[in-house]
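So, here's a batch of structures to check.
One chain, subunit A, links the two complexes that follow: it is found with subunit B in the first and with subunit C in the second.
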Partner chain A sequence: MAKTEFEPSIKSRPVYGELEVRAGKSHLLIADAEGAGAILDLAKSAQKDFLANAHIIYIPKNAGDKYTAQLEGLGARQYYAGPSYEAAVPRIQRVLSDASNGLQIYLAGTEGLMGQAMREATNIGYPYSAIQTEHRGSKARRMQCVHCKGITEDVTTDPFECSHCGLNLFVRDHYSRRLAAFQGVCVDAEDPGNVPDKVEIT
Partner chain B sequence: MNIRFNDETFRNDYTFKNSDAAIKRFPFPFDKDSYMYAVNMEPHTPVREGSVYYNSFDVDEHYVSEMRDRAMVLDEDPLRCQSLPHMELAGWDLLELIMVEKAKDYPDLFELHRDGDNWHWINKPLGIDDKFTFMDATTLPYGPMEYITRQTQGDFCVLDQRDDNLWMDAGMVTTQADWSLDFDIGMNFFEWHAPVPLAHEKGIFVRALKFLLNIQQGAPARRLNWTMTVNPLLDTSPENYHKWGIQKTTLTPENIGNKQHLRVELQTFFRLPRSNGLVFPIRCYLIKLEELVTYPKWARRFHRVIRDLPVELATYKGFIDNRPMILEYLSQFDDGAETSPGVWPED
Partner chain C sequence: MSSGAAKIAVKVTDVVEVNELVKRFRFERTDGGLMPTFSGGAHTVVEMDDHGTRRLNPYSLMSSPQDRSAFTISVRRDDEGRGGSLFMHNHVKTGMEMTISNPVNLFSLDLRARKHLMIAGGIGITPFLSQIAQLDNSNGNFELHYAVRTKSLGSYVDELTAKHPNDVKIYYDDQKEMIDLENLLDGQPLGTHLYVCGPKGMIEWVRKSAADAGWPRETVHYEEFLAPEPGKPFEVKLAISNKVIQVGETQSLLEAIEAAGVDAPYLCRGGACGMCETEVIGYDGKFIHNDHWLDDSEHLSGKKIMPCVSRFEGKTLVLDR
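== the complex of A and B ==
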């Protein structure tokens, strides 16, 4: 599965690229689900010392064990597979706390994973423009309800029901890096109960 | 200057209205019979004594009631006022700017006495008399930005300038045209304007940013923006849209003159001296259609502007469904006569 192509959108919507090896003292690679494919592709073009200084953090999610053996088999200096992004956060924060000049960050997979990991990196002062990203797999979005402020993970339909307050929200392309989330806004405020049929997010 | 402050509400029973004097000084935004986005910046220098363009920070008859409404919004939702940690210095810059300008422009309402860092601020309309140490936030009941903007009409975006861009890193936003500070805080100029249709393609934001990056201390600028609001609701926030959105469906031919408001934003831009930030006050003025049509020139022109506005803009501004009814009302006041150039009602 290759990188995802998105329709052009508004200027706050993140744009993802294609991972490429960059010179660095150390390399932090964080991926979920199909994002593993981006790391495997990246590793094909890497020199030996890349993996010797690489730390792979992988959350398989619904990809299960499809990629885990291959990823582990790359022989990165550190390999970690976690049960959820939340479970991996303390590890990510700890690794970033050691970040020195020359750290390269590579993120791959869903928007929710990349957005949240990017936020961890920028919180410690790493410039977002220096972080590489590649979207693979599910187009599910991490959504903030603008009304109750609750976050609903892995939203795949528009509209959707806020998992906190229950309002029916439509999915905007407006995106906040600080929240690592898109904005969801009540879809039937002007005509309560008139909720459009759900469509898959593309 | 003699201002009689109204006791009025912007919610529930909506007793807000404009006096004849307030109608006459309303910042009508259309200088010709059509409208399209433009950068439309001009120096924020005094124009016509008594107009909203005369003082740095206009204080009008709605001041006390607007500040009461802001306090209610903040009690319900403290996230409407936020400041990222590096923005406190800009908050002091803003506090100084507003206090100095208001004390100068409205000496009978506001007084500022300074002895080194020992400051004494008196706000007579709100009954505030505080002594504090400049640059020491522990001597104020709120952070400096929140303290002064609880006492100043209009929303305030305090922008950090870096990497040739402006960053929305602090703000007090309770009278907004449907955007969320809590969501947009931390965004750059292009990102927080991302949802605006048509203007990006026209290069408006690239030119506007270039202009704003070069604003110098002591040389503020201004522009107008506008939208439409049903009921005199200052707090048309996305946060509460699920509560107020339904009000848009309550217009009838009988109540439209009273319920439908033109909402005009007087946007000003001041360079801040210590932080090199930029403060972007967005002052909201509301006028009922029945108030606006008391000036025939405005009535004719407004009818033509609304009639000819592109669908995308009427949709973005949130009144596409009500446009036919608005036009039916306004058309009664448009006899097709020519209108004089410029915004002033009686020129």
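== the complex of A and C ==
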């Protein structure tokens, strides 16, 4: 599966590239689900010392064990697979706070994973524009309800119901790097109950 | 003339000889009011009337951004230069009235950084003095590595080492001390930003070393004010103003445009800010690009020139000005 192509949208909507090896003292690769494919492709083009200085953090999600053996088999200096992004956060924070400049950061998979991992790196002063990303797999979005402020993970339809306050929310392309989430806005505020049919997010 | 940052009428209230090459000047407003606010790393453009020649030179502000009573700059005398620093050294005295610009910052701290690693060479120390004053007030995490020629020519070495004994390291050229850059860059915490100000060779060395060590471009900040280089005189046609002007040997293209009474935009006058970027309508000859605003492909395109520092040699040059 290749990288995802998105329709051009407003400036706020993040765009993703294709991972490529960059010169660095060490390399941190974080991926979820189909994002593993981007790491495997990257590793093909990498020199030996790349993996010797690489730390891979992988959250398989619905990809199950499809990629885990291959990823582990790359022989990175450190390999970790965990049950959820939330479970991996303390590890990611520790790795980033212990790292030196010269670390390169590669993120792959869903927007929710990439956005949240990027936020951890920018929180300690690493520039977001220096972080490489590649979107693979589900187009599900991490959404913030602008009304109750609750976050709903893995939203795949537009509109959707806020998992906190229950409002019917329209999926916007307006994105916050600080929250690592898109904005969800009440779709039937003027005419309660008049909710458009749900369509799959593309 | 309306271009450039807004102007401030000031009086020179102190001139101090820092060492045999550097003098410090203090400017206060003639109307007794407060100076504008600025952030560490900002500069002001000082206007000089050098016996009929108008000179505008940028100098970094070295006073604390918290102190709005005055602006302070330090000027290194350049005996080989075009004369701005010599004018400041030889003719600017306490009590003199001058015009300076509002502060402009092309070398600000990125306050998202976890740590600020500063590298200074010679008079390149000045922007760091205001940056360090700013960081002092916010408990900012910084480290300064400062290379000077000799102890007697080390401007502000004593003040810096007395106030920040653990964060400032001085390197004396005459004692063969060198900044061990490779080791210095290795092991800096992720989120460290690097700042360099000094001679051209030092800036290139630091930028290249950082790039080789995998430092993101966005974390490497540098400031280098270029003085316009003298060259062969040349003729320029200004299409909008419908004027043909001559650029003298020691005059910059921007200065020649201004001398012809044409109001051209500018800010730093040192090839750094991009404000004076001018479209080329036609040319027959070659450009001598000296700025570090345009990229290599723009330099080769023959479509743009930065008149503050760049020149031209050839038959004709027509500018969209």
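Here is the rule we go by: the second predicted complex is superposed on the first by the 202 of 202 C-alpha atoms of A that agree within 3 Å, B and C clash if a C-alpha of one lies under 4 Å from a C-alpha of the other, contacts with A are read in each partner's own complex, and residues count from 1 in each chain.
The criterion applied here is as follows: a contact is a pair of C-beta atoms (placed from the backbone, for glycine too) under 8 Å apart; a residue touches a chain by one contact, two chains touch by 3 or more.
Keep in mind that this is a model prediction, so the values were computed, not measured.
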Open item on the list: Quick check for you: in the superposed arrangement, does A:V146 touch first (subunit B), second (subunit C), both or neither?
Closed with: first
Open item on the list: If we overlay the two complexes on their shared chain A, which of subunit B and subunit C does A:I124 touch? Say first, second, both or neither.
Closed with: second
Open item on the list: If we overlay the two complexes on their shared chain A, which of subunit B and subunit C does A:Q132 touch? Say first, second, both or neither.
Closed with: neither
Open item on the list: If we overlay the two complexes on their shared chain A, which of subunit B and subunit C does A:G24 touch? Say first, second, both or neither.
Closed with: second
Open item on the list: Let me test your reading of the model: by the given contact rule, A:G102 touches which partner, first (subunit B), second (subunit C), both or neither?
Closed with: second
Open item on the list: Quick check for you: in the superposed arrangement, does A:Q116 touch first (subunit B), second (subunit C), both or neither?
Closed with: neither
TODO: Residue by residue on subunit A, keep only those touching subunit B in one complex and subunit C in the other, then list them.
DONE: none
- [ ] State the interface residues of subunit C toward subunit A in the complex, per the touch definition above.
- [x] 110, 112-115, 185-193, 211-219
TODO: Show which residues of subunit A lie in contact with subunit C when the two form their complex.
DONE: 22-25, 96-97, 99-104, 121-122, 124-127, 129-130
Task: Of all residues in subunit A, those that touch subunit B in their complex - done: 10-13, 144, 146-147, 149, 167, 172-174, 176-179, 183, 185-186, 189-192
Open item on the list: Show me the residue ranges of subunit B that touch subunit A in the complex, using the header's touch definition.
Closed with: 79, 180, 182-187, 190-195, 200, 238-246, 248-249, 321
